[in-house]
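What follows is a set of structures to go through.
Both complexes shown next keep chain A, but they swap its partner, so chain B is in the first and chain C is in the second.
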Partner chain A sequence: MKALWGEMNGRGRVVLAVAVLLLLLAPTVATRYLVSVLTLIFYFVYVGQAWNLMMGYAGQLSLGHALYVGVGGYVSAALWVHFGIGPWLGVFPAVLLAASFGAAIGWLGFRFGIEGVYFALLTIAFAEFTRIGFDHIDVVGGAGGLFIPYEEARLGEWWNLRGGQLFFYYLAFGLAAIAVLVTALLARSRLGYQWRAVREDEAAARALGIDAFRAKMKAILISSAMTAVGGVFYAFYYNSLFPAQMFEMSRSIELILGPIVGGLGTVFGPVIGAFLLTPLGEILIGVTEALGINAPGAKAVFFGLTLMVIIYLVPTGVWPWLSKTLGLTGRRS
Partner chain B sequence: MLVVRDLDLFYGDAQALDGVSFEVAEGSVVAIVGANGAGKTSLIRTIAGMIRPKRGSISFRGAEIAGLPSHKVCNLGIGQVAEGRQIFPTLTVAENLDMGALLPRARARRHAQLERVFSMFPILAERARQTAGTLSGGEQQMLAIGRCLMGVPELVMFDEPSLGLAPAIVQEVLHAIRELNREGLTCVLVEQNVALSLKLADRAYVLENGRVTLTGTGEELLADDRVRQAYLGM
Partner chain C sequence: MASNTGFRPSRRDLLGAAAAVSATALIGAPAIVRAEAKTLKIAKLLPRSGLFAAAGQSCHRGAVVTPKVLADYGYAVELMHIDFESNVDVARTQTERAIAEGAQCVTGAFESGATLAIAQVCEQRQIPFVIDIGSAPQLTEQGYKYLVRNFQTNPMLVENGLRQIKDLMAATKVSFESAVYVHANDTFGTLSRKAMDELFPKAGMPFPLKDSIAYDPKAQDLAVEVTKIRAIDPDLVMVTSRSSDAIKLVRDMVRQRFEPKAIVSPGSPGLYDEEFYQALGPLADFHLYNLPWANPKSEMTQALAAAFKQAHPKNRFEVDCFNAGFTFEGILIAADAFKRAGTADGPTLMEAVKATNIERHVMTGGPIRFDEKGQNNDITSAVVQSRHRTPTVVLPADVAVMVPVLPMPAWQGRS
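And then the complex of A and B:
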């Protein structure tokens, strides 16, 4: 908490406290639809934050984070469907396998000096191979998908992530809050400083005695493990998993847009980004439907245009601009 | 303190260092001079553990360090101020200095070192909250030296500290190095500015095409005809 508090000045703390309170109370007045949109926002805050640690802080571009979401979701769902092992336990092997993928990618990339866009290509390749692989793993349903059965009797078994919309709302809120706290803590830790040094100039970081390889490995391990937990949430929230839907590149892109628009390498950037982009997507669906535009991709075009405008107006992200304009961080003059 | 013996370094087939041997006594300033491409930076990077030599030994306080990774070499007390300064331009001066204190050996002494750096370079204290990219070239060089000192080094290798600086600023930087040496810091100075570094050096080595071709005290080399002709244009 202290690390998070330290991010803000007095006014920022008030705004943060009020926002948290409003979100905690929101389900009492909000419609079911609004609650589901907020749940989705929290989910994107969580996975966006996990990605932000690796890219925003350590400077390592991953375009294949859907891999960790998918592996996390599939492992926990398969253990539940086939062996009745609940996600409270299944989350551990899920995280372990996803982090192993992360370790393999990190080791290959960082040990052999594959950097920048080439490293990003490596992450895409792993996600794509895994998608194709899952198409052919019959035990998880192959391309036909894996489904978690809806059982009325199990509702309320929160440890097995069986519950209604309200349950998932607070679960997602908790995950998002933890992700923000973890980011605030890591950003101020020794590791956070090492990441920033590596991000800014790896050669200089090494000259200062920073073990760049180790710092980058820690980044991908923490990020992939965190993302996998998001995958477990995703699987039990939506109850259906398809390789094409889980591992597709567009899923990786979707989860990185929030932090980019909100502000890379900032604690609240991914939060602001998710709160902007998820509703924007929902609004665009409504608008295109209301206008009777049925052309495929119309929503994507408007979404893309809006992104371009935002990035043109605030190239370093919305949060740095917003916090400065509203005077939420730093000393007030 | 530092003894280098028969160091061979290759980049692929190209030999960058050929049987280089030299010694640095504790508390001294050793200059390594030579033309562009003579192997000076390669030598520093090899000692720092950034690249691995093919053959030869490097010992620091009697312990073999050839082939150790750079973060381990750094933590033994060998610092470097790299060519071109390599500061982090988007971070503040204070953050840049913090980055130098991430070494295990330096953590406990962060505050004491910071005071020392600020008293040595008061301009850094004044500009602590400014981003480093806004500093002048001379100030950036001070920052690079200060950041290196944050790691509590016992020996510092300076790679071309005068590069791209105005003559008055060069004097200031060299003065700072002399001051540090007086306080007990052992210095290895790699310079193209031969006259200046030889004046400062207790001992100097001339590096040509990856080999040590001449050695002596700074004064001896300043008086040497070959040095005067080749490097001082006299």
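And then the complex of A and C:
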């Protein structure tokens, strides 16, 4: 909390406190639709923040982060469906397996000097072959998908993530808040500074005595483990998992748009990104409907155009510009 | 307490006002109730953009004309057309939005993941959800109480598809000595393969299944797969495909001069899409597909076809009728339940949906009825053959408009 607090000046802290309070109270006044949109925003804050650690801080481009969402979701869901092991317990093997995938990718990439776009290709390849693999693993339903049964008797078992919209709202909020805190903490830690040094100039970082391989491995391990927890949430929120739905590259892209638009390598970038992009999509649906534009895909076109405008106007991300304009951050950030 | 405005209503004024309000309420209330109960507001969720856009658009064309056709049958519905972009997240939030904006029933949604996301919202909000297209068997096995499905499951599609092959053999007196099953390795294809592996041995087919060959639908061509099929030389090729890969499959068969007696799809699209006809011309004819189909002899189908042709002159109902027909029936089920229930109250409407018994409808099969899990088991498949680049029902005889042609004519010399 101290690390997060240190990110902002007095005005920033007031804005943050008010925003948190408003979000905590939102379900008391907001419609269920708005609550569901906010839940989705928090989910994207969480997974975006996990990706931000790896790309934003450590400078390692992963375009296959959906892999960890999928693995996390599948492991926890399969344990629940086949063995009745609840997600609070199932999250550990889920995280372990996802981190193992992360370790394998990291070891291959960092040990053999696969960098930049080639590393990104490696991450895509892993996600893709995992998708194909899951298409053929019968115990998790193969291509036909894995379904978590809707059991009315279990509704309200929050410890098994069997809750309604409100429960998932606060769960997603909690996850997002933890992700922000963890990022703030890591950003100010020794490891965070090592990541930034590696990101800016790996050779120089090595010359300074930083073990770049170890720093990057830590980044991918933490990022994959965090993302897997997001997968557990996703599985129990939607109650169905399909390989195509979980591991597709489009899912990875969806996940990284928030941090990119919000501001890479910043604590609040993924938060602002998610709060911009998810509602933007919903608003554009409403606007195209109100304008009587009955062209499917029109929303996607407007969405793309809006993204282009944002990136053109604030190429370093919205958060750095916003915090400067509103005077929310102190000198240190 | 003194009034700031200077107006202090007397007890008589208050009683008078109360009486006026009560009288207005008494007179107006039934009118309001009647107004509320006049039209059912249905959210129609479809993947009109994204991965499943082509199918979503096809369904949408059917949905657009449905209210007008239903009005002629005495049903009043208002549709909210919602595109969920082939995205599960959007499907969930848009269902919430639709219900917040007054949707009293939901139909859709073509894609199983999105369908389940919608089902959860409907269950929580106690709003009936009629699945019009969605074949994953699990959809009706999850214990949802506010969900029914008017569509065949994957195993049903394959089982009925195989049964129709036997009927086809009996009707044409053409026998098959052997068969090969070729399928795309995508979600639908893999599920169908699974169903085929389970059901073919039990179906008592009078010919052996020599091999099952999977292919990547994104491959540039299917020459290798066709070479494999050719080496086996089956009389019958059964396919589960989408239109783009079906085009590649037929083209490579023509190139390699491989001519089986029949190419039959036991329950998948691909062989009857408009792009298939346009790409292959006469080579697109005489393929067969065993699917639930719009009954050409049904009066309601004819009414839907007429409305469709008027609204979409550039599209052919015969090509769209699978998607358009099931879309229409999904809305029909909701409208019929609403008419019987006389209210849009969720639980009452759902009771009426579950008690559905519609004899007069569009797709092949018996009356629309649901079992205790919400599945309609009375949908039957027809044998449809492409004739002059038009899907034409050739079996069963009671709904057929032409007789089947088998073996299919040689590739050469077609016009």
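Some observations on this one:
As a working rule, the second predicted complex is superposed on the first by the 321 of 333 C-alpha atoms of A that agree within 3 Å, B and C clash if a C-alpha of one lies under 4 Å from a C-alpha of the other, contacts with A are read in each partner's own complex, and residues count from 1 in each chain.
Convention: a residue touches a chain if its C-beta (ideal position, glycine included) is under 8 Å from a C-beta of that chain, and two chains touch if they have at least 3 such contacts.
This is a predicted model, so every value here is computed, not measured.
Per the definitions stated earlier, placing chain B and chain C onto a shared chain A by superposition produces no clash, and the two fit side by side. Of the two partner chains placed by the overlay, only chain C lies in contact with A:281; chain B stays clear of it. In the superposition on chain A, A:193 makes contact with chain B only, while chain C stays out of contact range.
Of the two partner chains placed by superposition, only chain C is touched by A:245; chain B is not. Once the two complexes are overlaid on the shared chain, A:151 sits against chain C while remaining clear of chain B.
Legend: residue contacts after superposition of the two complexes on their common chain; A:297 is shown touching chain C, with no touch to chain B. Put chain B and chain C next to each other and count what each touches on chain A; the higher total goes to C. Of the two partner chains placed around the shared chain by superposition, neither chain B nor chain C is touched by A:125. In the superposition on chain A, A:108 makes contact with neither chain B nor chain C.
Once both structures are fitted on chain A, no C-alpha atom of chain B lies closer than 38 Å to one of chain C.
Once both structures are placed on chain A, no chain A residue is touched by chain B and, in the other complex, by chain C.
Considering their complex, residues 48-49, 53, 56-57, 60, 81, 83, 85, 88-90, 92-94, 96-97, 99-100, 112-113, 116-117, 119-121, 123-125, 136, 138, 141-145, 154, 185-191, 194 of chain C touch chain A.
Those residues of chain A that touch chain C in the shared complex are 31-33, 36-37, 40, 135-136, 142-145, 147, 149-152, 164-165, 238-240, 242-245, 281-282, 285, 294, 296-297, 299-300. Residue ranges on chain B touching chain A, taken from their complex, read 48, 50, 69-71, 73-75, 79-80, 82, 86-91, 95, 98-100, 102-103, 107, 147-148, 151.
Chain A contributes residues 190, 193-194, 196-197, 200-201, 203-211 to its touches with chain B in the complex.
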